[in-house]
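Both complexes shown next keep chain A, but they swap its partner, so chain B is in the first and chain C is in the second.
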Partner chain A sequence: MKKTLEDGILTLTLQEDLIATNVREYKSTVEKFLQDEMGNVDEVVLDLSTCENIDSVGVTFVVGVYKQATNDALGFRVTGSSDEIKQLFKLMKLDEIFEI
Partner chain B sequence: MEYKILIADDVEMNRRLITDVLKGKLENATFLQASNGQEVFTVLSKIDIDLIVLDLIMPVKDGFEVLSELKSDEKYSHIPVIVSSAITEISSIEMTLEMGAVDYFTKPLSPEDMEIILPLKAKNALLFYEQQKTIAALNNEIQVELKNAHDFQNIMLPKSRDFDMVDLFIKYQPSLGIGGDCFDCFEHNGKIWFIIADVTGHGIAAGMASSMVKVMFRCSVKKDDTTPDQVLSSINKSIFDIFDFGNSFNYLVFTAFVGCIENCNFQYSNAGQPYPLIYHGQSKSIEIIEEGGMPVGVFDMATYQLNSKTLNEGDSIFLYTDGLFSSGQKSDFVNWKLVHEFASSHKNEIANEPNTFLEELFWYFHVIHKSDSKTGDQDFTDDVAMMLLKIKQDQHNDE
Partner chain C sequence: MLLYKNEIQSTFEAVHETVEDIMDQLKLVEKLDRQYLLFRINFMLREVLNNAVEHGNEFNEEKLIYIEVSIEESLFITKVRDEGDGIHLEPTHEHNMDYILRERRRGITLVRQYQFELEVKHTELCVTLDLDSVVEEV
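Let's look at the complex of A and B:
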């Protein structure tokens, strides 16, 4: 996972699919990034542009990042989702919770 | 534990030398001898051997043949084999290692070989053998536990049967013997209630969670005058009341579709399940129930939408989990469109032979998974659950 911080926007770019086998590592990385940048971030952006596959554990990861950002009073949105990922988020009505 | 080591070599002096070398360095070992390949199998048929030191050039049956037969026979394939030979060319050594030998040494043995190398190789092979046996025992234990859990989960699942209002048809295949898919269908206060749910992940933890989902579903339904959306909200609330997730991302999360049929009135609520289908018997058409909803266990204040439709005699409701079409390898996790296409071209089976429809749909996706160029020769990687409820012929007349 790659991070960039610009004008208070922390962009987290996934470099592998958002599936159960990768989520454990993503979780700890996000926690560390947010801890490291505490006070410098206004919004968290999860960039899924290189992510082809997502499973149910991956969906809970996205929701987890959203919750963590919200708990810290930060904005949150997802960018770069494929049409398939958008369809899944719409089925689960997550597009009503955060911007996709 | 006493190890039994078989030395197979056609030269008696070599057998004696190897035995003497190992005897002095290995505790708790007894030695047996074979002077040709055939004798190896004679010994094996009578005694459990823990290690074979195998000469490659022997009369009757040479070491290559013996090694090949050992590794292709389930009874003996686990026994570690150290190859010994006067052959020094690398291709023969490489071949025996590829065939399954754990190690090799060449003859004649140097003093260093006798003092250090050969005993170490034997010790390592025996240690490897011990570890393999431990893994096999643990694996066996896990398989027994999985089977027990699978049997338990099977008891909890509804079986294909007929109720007063509907006939129920099911097809279920967990991916690891026990799975996170769960479904239920029962009659309560003159209504047919059903759920199909898919717990995040699969395997034992998901199986435990799916058992809880079923219990929570039944408890929620048995409250007076409840509706499918209220059942989902109630289960969702229970999850946050019962479990303390703290700041963890590890939630008990599942998608679910809950339905309730009373006479011809069908009420339902969806919590992220792939869109179910309705087959309308009179118009011979397929309708997609295209309402979504948040998975259960994600947000404590989540609410769910109540929808309703009127059904007629001969209509069917078809539900399925995403394990049917999702390979777990690529962007086919929204391939419910393929399910719809298949159903549209198999309306006759839905109407007249629901079990055939479920089987054919299952095998249709089985072939897709198997033939997929990216995933290769792959079976279903997730649990697969399908449920079809057919409104009985006399429903319409009862109204």
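Let's look at the complex of A and C:
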């Protein structure tokens, strides 16, 4: 996972699929990034542009990052999703909770 | 027509490798040559296999998961069997706020929303998709 911080926007770019085998590492990386940048971040952006496949463990990860950002009073949105992943998020009504 | 048959270990890594192998086979099947269909099948396979690893065999690597994928006329059929105590599927949920933000156990509802039909016979789960009636917008 790659991170960039610009004007208070912390962009987290996944470099592999959002599936069960990768989620544990993603979770600990996000926690570390947020701790490292605490106080410098206004919004967390999850960039899924290189992510082709997702499973429900991956969906849970996205919801978890949203919850963590909200608990820290930060904004949250997802960018770069494929049409299929967008449709999945809409099916779950996640588009009513954060921008996809 | 049998497309894939295998037995795998009860790990998420084995599931990932298996799904990749199956998808490589399915990409060659003309009836399945639609991006949204391949995405849904990929999602369903990961869901039912991950469930077998986690809830069926409870990550016991000495227990195996058996998978068979076939097409019979318009039906895309996946059969998964584990060595657990029996499969208990969660009921379909409404997407209210508590459900949307819950920690886990949302996958089977999504699989059903993708128009797959699920039937349980003790430790075997049979998942069927009618390719003639599947629609892109769900």
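By our rule, the second predicted complex is superposed on the first by the 100 of 100 C-alpha atoms of A that agree within 3 Å, B and C clash if a C-alpha of one lies under 4 Å from a C-alpha of the other, contacts with A are read in each partner's own complex, and residues count from 1 in each chain.
Please note the rule applied: a residue touches a chain if its C-beta (ideal position, glycine included) is under 8 Å from a C-beta of that chain, and two chains touch if they have at least 3 such contacts.
Predicted, not measured: the structure shown is a model, and the values here were computed from it.
In this overlay on chain A, chain B clashes with chain C. In the superposition on chain A, A:E37 makes contact with neither chain B nor chain C. Contact with chain B, but none with chain C, is seen for A:K27 once the two complexes are overlaid on the shared chain. Contact with neither chain B nor chain C is seen for A:E16 once the two complexes are overlaid on the shared chain.
Shared-chain residue A:F61: touches chain B; no touch with chain C. Once the two complexes are overlaid on chain A, the chain A residues touched by chain B in the first and by chain C in the second are 19-20, 53-57, 59-60, 63-64, 82, 84, 87-88, 91-94, 97. By the touch rule above, chain A contacts chain B in their complex via residues 19-20, 23, 27, 52-57, 59-61, 63-64, 68, 71, 82, 84-85, 87-88, 90-94, 97. Remark: chain A residues 19-21, 53-57, 59-60, 63-64, 67, 82-84, 87-88, 91-94, 97 touch chain C in the complex. Only residues 12-13, 15-16, 35-36, 39-40, 42-43, 46-47, 50, 95, 97, 100-101, 103-104, 106-107, 110, 113, 138 of chain C touch chain A when the two sit together in their complex. On the side of chain B, the complex with chain A involves touching residues 198, 200-201, 247, 249-251, 253, 255, 272, 274-275, 292-295, 298-299, 326, 328-331, 333-334.
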